[in-house]
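Heads up, the thing below is written out as structure tokens.
To keep things simple, chains are lettered A, B, C, D and E as they appear, and every chain counts its residues starting from 1.
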Amino acid sequence: MRLFHRHSQKIGMSPGSYIFLGEKKQEKVQLNLMDYDESRYEFTSIENVEDAFPSKDKKSISWINVYGLHEVEMMKKLEQQFNIHPLVMEDILNTAQRPKIEIYDDYLFIVIKMIYFDDETAELEVEQISLILYDNFIICFQERKGDMFNPLRERIKNSKGRIRKRGADYLAYAILDVIVDNYFLVLENIGDQIEAIDEALYENLTAEMANRINLLKRTLIHLRKNLWPLRELINMLTRDEVPYFHSSTVPFLRDLYDHTIQVIDTTESFREMVSGLMDMYMTAISNRMNEIMKVLTIIATIFIPLSFLAGIYGMNFDVEISSYNMPELGFRYGYLFFWLLVLLIGGGLLFFFRRKRWI
Amino acid sequence: MRLFHRHSQKIGMSPGSYIFLGEKKQEKVQLNLMDYDESRYEFTSIENVEDAFPSKDKKSISWINVYGLHEVEMMKKLEQQFNIHPLVMEDILNTAQRPKIEIYDDYLFIVIKMIYFDDETAELEVEQISLILYDNFIICFQERKGDMFNPLRERIKNSKGRIRKRGADYLAYAILDVIVDNYFLVLENIGDQIEAIDEALYENLTAEMANRINLLKRTLIHLRKNLWPLRELINMLTRDEVPYFHSSTVPFLRDLYDHTIQVIDTTESFREMVSGLMDMYMTAISNRMNEIMKVLTIIATIFIPLSFLAGIYGMNFDVEISSYNMPELGFRYGYLFFWLLVLLIGGGLLFFFRRKRWI
Amino acid sequence: MRLFHRHSQKIGMSPGSYIFLGEKKQEKVQLNLMDYDESRYEFTSIENVEDAFPSKDKKSISWINVYGLHEVEMMKKLEQQFNIHPLVMEDILNTAQRPKIEIYDDYLFIVIKMIYFDDETAELEVEQISLILYDNFIICFQERKGDMFNPLRERIKNSKGRIRKRGADYLAYAILDVIVDNYFLVLENIGDQIEAIDEALYENLTAEMANRINLLKRTLIHLRKNLWPLRELINMLTRDEVPYFHSSTVPFLRDLYDHTIQVIDTTESFREMVSGLMDMYMTAISNRMNEIMKVLTIIATIFIPLSFLAGIYGMNFDVEISSYNMPELGFRYGYLFFWLLVLLIGGGLLFFFRRKRWI
Amino acid sequence: MRLFHRHSQKIGMSPGSYIFLGEKKQEKVQLNLMDYDESRYEFTSIENVEDAFPSKDKKSISWINVYGLHEVEMMKKLEQQFNIHPLVMEDILNTAQRPKIEIYDDYLFIVIKMIYFDDETAELEVEQISLILYDNFIICFQERKGDMFNPLRERIKNSKGRIRKRGADYLAYAILDVIVDNYFLVLENIGDQIEAIDEALYENLTAEMANRINLLKRTLIHLRKNLWPLRELINMLTRDEVPYFHSSTVPFLRDLYDHTIQVIDTTESFREMVSGLMDMYMTAISNRMNEIMKVLTIIATIFIPLSFLAGIYGMNFDVEISSYNMPELGFRYGYLFFWLLVLLIGGGLLFFFRRKRWI
Amino acid sequence: MRLFHRHSQKIGMSPGSYIFLGEKKQEKVQLNLMDYDESRYEFTSIENVEDAFPSKDKKSISWINVYGLHEVEMMKKLEQQFNIHPLVMEDILNTAQRPKIEIYDDYLFIVIKMIYFDDETAELEVEQISLILYDNFIICFQERKGDMFNPLRERIKNSKGRIRKRGADYLAYAILDVIVDNYFLVLENIGDQIEAIDEALYENLTAEMANRINLLKRTLIHLRKNLWPLRELINMLTRDEVPYFHSSTVPFLRDLYDHTIQVIDTTESFREMVSGLMDMYMTAISNRMNEIMKVLTIIATIFIPLSFLAGIYGMNFDVEISSYNMPELGFRYGYLFFWLLVLLIGGGLLFFFRRKRWI
């Protein structure tokens, strides 16, 4: 896991300098333009950023999508045309931005994170999505082209639900809703992993298992780091002081806020569960150690004294010099007595272990 | 345990689409209607939802109960007839809702969780109960038919207590009271389990015991996740800003709030106790390991040197070549001296262990 | 320890039903009446509750004491005569109540817990004390007759201190003061136990010791659960908004509040100390395990190779077939060389252990 | 460590009774009087408390010092002469008081703790210092005579700094400053101990070391218990609502507050470091156990199979009955082959351990 | 690591005495003066502090840099000339100051910490930087000459960005921005170390590794101790109540605040990760112990019983006295049967271990 987005290349630079701070996730910047009102729907993949400029003055709702952030020239044109503050543009380009909301005179600026969960590595992939909400259009900056918003586009196209009758603010809400719903998807995947580990724990007590638990723990730390500012952001939207959102959209935002809280609650529960898994793992290790030691102790405790006994009668004291020297060797039933003694000692120890409940 | 309610089927859908998100817990949706005032009491099991519509305009108090949420048509009729907001209906259908309260012009909407404890699996079962409180009637949506409210119904029927003299708000309070009291029942069961584990801990130091402790821990995490929003919800009710509750009902709500706090306090105490149990378990494991190692060490430490001794006198150095070679074997009392040595070494080691307090 | 007061018998009942929820701690309900002003003092043990009714209209200060809560009839008479709200009476009877304060038109209602520490079991015993403070008299409900208030009564009788010159509010303060002072007594006892365990820890590393530490931990959890609402309660009293307390009593209440904070501070410190004891215990267990393993390892590591050596010279290879077979057996000083080798190996290993600081 | 100041002797007593609750730390109560203004400086050790009374009406600044609190008569005289509230006097005498500030009409009452660190026992010694700040004089009660304030007295005497030009409030600030600076001294000592333990940890892995870490932990708990009310106290002073402090003194108080915060920050860091030390200790114990077990396992694993081998050729099967019985014994190079086998097995196991990185 | 800045030499001194409390980090105090406006830029290394005085009355922006704090005379001159409050000067000289901001009539005083990370020792080096912001010039006190601000100076010189067109407040922001950006650099280094440890953990399970983890933990404690007051400080700047900052600079300060929050978030995540590393380390130690014990147990459990068997047939019972004595020795295939038994027992135990999944 890349623990930290490199920042060092920027130290000492003028704030507001246009440098794309992130990995280039696709080759060429792509542009989409969706334009609709209650009666009309149009979706075009455009070549030049200038084709998006007329949206500014149309009455219909427009949704301009920019995939890829590394073409500085295009960014500058957008900045000029749509009157975007230099600091806003800098935040869009710096993909290590914290989720936040900023109110400007002409528009509302929202930075938010889309989260994907990589099932293989149990790590999060984070994509920064920047929304600029004007009165009747939205510009949406993504790091790469994805398909998360396709169902939403379908919905608009097919005129399902209330979305075609409503303004750009409702579109912004719908976009945020898709993003927050994606957090549920991530939680589902993490939940599956927790259950899988939970079931496999006793079967497979390897270091690799501890590693998987620790990876999940880190992923949850990472997730949580993104959730608190998200919560703050959406909470701010539900309060009245934010313009650009009609009061009829506020109940939907409140619903969104409820979802965010639910995501946070579940994340916190998962964190506790994962730390419980780690405890269980440690306990299982201890139990297994106990098991191992018990086997060793039982075997050693029984056979070490018996070996001593056998050792005694293997000694070569001279039986002929005196009858004090190892007279047992000359007994008629000496060997049988020896075995009797072996059985007595062995049986006694087994009884002792049984009473201690070791076997 | 299902860690997480599936949500994924809904991503990208229009908010407010009527999809029942939960398991279907009974085959057919059932409807009840209770209608009473100070002098009259009527309870009917109705077939068609339309039979409940007249309650809207009656002066007596009505309690409409809907068991099962999967009949979309019925829901739509209720929505139209009782003027329910689409987002409210969506919340009723999504049984993964967080407990909450929402104030609308015509009614108060309350989502709350009924909790059952499954003694076998030590897991919680959660049923979502949605209440819509109008001026003089209540619609109550449950996932399945249960008997928790029967004593309350009996009380109304037998005109015991103050309930028949009071309005729909008091009925709402009474329903909430039953739900909160149920939390005490769950805590009682959990408390019993804690005591049972506490008593059995030293007898039964198995991995299964650790598992039971961990399950209880998870159950308490799960319970707590439901309690904080419950507390918030009831706290809001006690404050003056919520309409639909008469001021004479407020002391009862305050009482309810006290109960909720008590449930939370006890849950927190239980959490600490359960984590104490885990500590005790780990300590007991360590103690047992110590015990095992002590037995092994005592036996091995005594008999390994003695075996060495016996081994020496089993060697075959040629005693006839020189009198330097193992003269002990030719001693008259060699064997007796050997045993003396054995007793000395064994006794000395036992004394050493006694002084170290190992035996 | 009873972890939880049973509540289940009440689910579904009408709130306000008079059911005594607690154990009956003494056979018969008893009543006391103390009546005093600056010049007069009277203390009577009364038979019928009606004998207490005249206090209501007297100008002198009266303190009515009810020991035992299970006589429903008497409670009903008190309720009627002294105008007690049904919910208040219910709270008095439910001894699992949380400490709290409620302001009514005629009186102030205080629920508070008297705590005793059982030195044998290291558990808390909790008695609920309910105070109803009127303008010039107090009704005090206790679960059983105790002697905690005797010094206070002596003080009033002997007219020591300011108490005879002051009103019922100061009497209420004095009662609360006795109760809070009792918490110090409990802390003293717990502190003694912590010290005792601390001193005995290394001598007595048994599971029983871990158990005692865990019991103390639970007792502190239990104590703390009672302290936070107590603090809240007394804090509320010190603020101006509570009537029934003269402003001249407020500095005393503030003093009481300081004491409560001190009790909480000490409880928190004790909690940390007890968790430190548990750490020490675990460390001591680990240390002892190390000790045991060291003894085993030293003995085994020295004697196992030596036994091997002795075993070699006990082999029966035919020395007569060839001079390659165990020629050592035929050496003149073979046995002496063997012992030399034993001393060399043994000494070398001892030197190795010494260098590793194991011995 | 005395965990808790005895309080029990006071239960049930009238609040405000003059009982000295603390240990008598010096035989005889002593009194000092310092009197100065910009031009004059006088320091006298006085015999009778009455000699201090004239200070009350002088215009110059007076600092009355009382060392020792157990002479009740003197306290009563001071109380009457300087109009001290009985509860204040009680707080002065009860040396288990929590640090606090109280505003009265004629004076400001400050209780604060002077802390000393005993390097031998790693424990804190706490002395309660009570300040009563009037318009132009201060009464300062200490438990015993110490030399902490000597540099301050020297400063006043030598007229260094601003102190002679300022009022009694600045003197009070200067006294508080000495007390807070003393906390830094204590932290320095604790810091030295942490470093000492840190360096010695690996050398000296004894139970005594764990004990020292635990003692430090307790000392920090103890220190912290005193710091939070101190912080609160000084914060209150910096706010405008406290009279008796001129606005020109407020920046100095703010400086003092900064120091307090720094003390708290450092204490918290130390707490984390000490808990880190405990972790390191546990890790080191585990590491050592691993080390011990590795030695045992290597030795036992090599020599136990070899002993078995030697044991085989020590068996007495009758070689003359059939050539199937132990033919190896009769081989010409049997013994050499045995040693070859020993070297092979031993070498193989050593290689195995090397590959596992145990040696 | 020096855990604590020595303070003790100052106890009892007059507050405001000019004593440099820190290590002298460079031999001679050095002075720089930068002077610029939109059209002009001048940078001079000055000898005497008096050369900086004219900046006070110029209209252009001046940045006076003082490297080294130990020349008291120069400090006094600066104090007089620029009207610096004695407490401010004391704070500048005491390099153990907490980051803070103080508003004076003529200037704003900011104390802030520059952080460097020493890769070798994994420790932080902290340099205190004090800024005094006047209307049109800044005095900046550093402990030693460094090159962190060089890129900023280059930017001003080359007139890049907006900086030349703006006032002294923007310069102050730019300086703070460099300092905060440096925290990212430190986090990058710490992140690298975490990754390095994470990768090496399983390879290298030595005490030294535990030590490195613990060092990182301490460094993060140290870092965090500096971050919270930094956050507070910058938060205060973004609020309107601070003068000396033009409203056009506030968005930049808000950006800076976002960065600070991000630093804190990352620090907290790192803390959790490092504590996760410690858990992993402990788990790995336990796993390895299990591994070691398993090898020992398998070898010992197989060979100890076999050795006993071999010991039996090495006994010297007199076979000639009776046929009961060790008849096996005289069997024709006795030795072969012995080996069969050995294979049976050994195989059986291997099967048992395989079933237990130990091998």
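Just so we're on the same page, a contact is a pair of C-beta atoms (placed from the backbone, for glycine too) under 8 Å apart; a residue touches a chain by one contact, two chains touch by 3 or more.
Note that the structure is predicted; figures quoted are calculated from it, not measured.
Q: Counting one step per pair of touching chains, how few steps separate subunit A from subunit C?
A: Graph distance in the chain contact network comes out at 2.
Q: Going by the stated contact rule, which chains contact subunit A and subunit D alike?
A: E
Q: Go ahead and align subunit C to its copy subunit E using Cα positions, then give the rotation in degrees, nearest 5.
A: 145
Q: Taking all residue numbers at the subunit A to subunit B contact, is the shared part over half or under half, that is, same or different?
A: different
Q: Between subunit C and subunit D, what is the gap in Å from one C-alpha centre to the other?
A: 26
Q: Of all the residues in subunit E, which ones touch at least 2 other chains?
A: Answer for subunit E, listing residues that touch two or more other chains: 282, 286, 289, 293, 296, 300, 304, 307, 311, 314-316, 326.
Q: Which word fits how the chains touch one another: line, ring, star, complete or other?
A: ring
Q: Which chains make up the ring, in order, starting at subunit D and heading to subunit E first?
A: Here the ring, read from subunit D toward subunit E, comes out as D, E, A, B, C.
Q: In the complex formed with subunit A, which residues of subunit E make contact?
A: 148-152, 154-155, 160-163, 174, 177-178, 181-182, 184-185, 187-188, 191, 194-195, 202, 251-252, 255, 258, 261-262, 265-266, 268-270, 272-273, 276, 279-280, 282-284, 286-287, 289-290, 293-294, 296-297, 300-301, 304-305, 307-308, 311-312, 314-318, 321-322, 324-326, 356, 358
Q: Looking at the complex, which residues from subunit B come into contact with subunit A?
A: Result: residues 3-4, 6-8, 10-17, 85, 87, 90-91, 96-98, 100, 102, 206-207, 210-211, 214, 217-218, 221-222, 225, 278, 281-282, 285-286, 288-289, 291-293, 295-296, 299-300, 303-304, 306-307, 310-311, 313-316, 319, 326, 328-336, 338 of subunit B touch subunit A.
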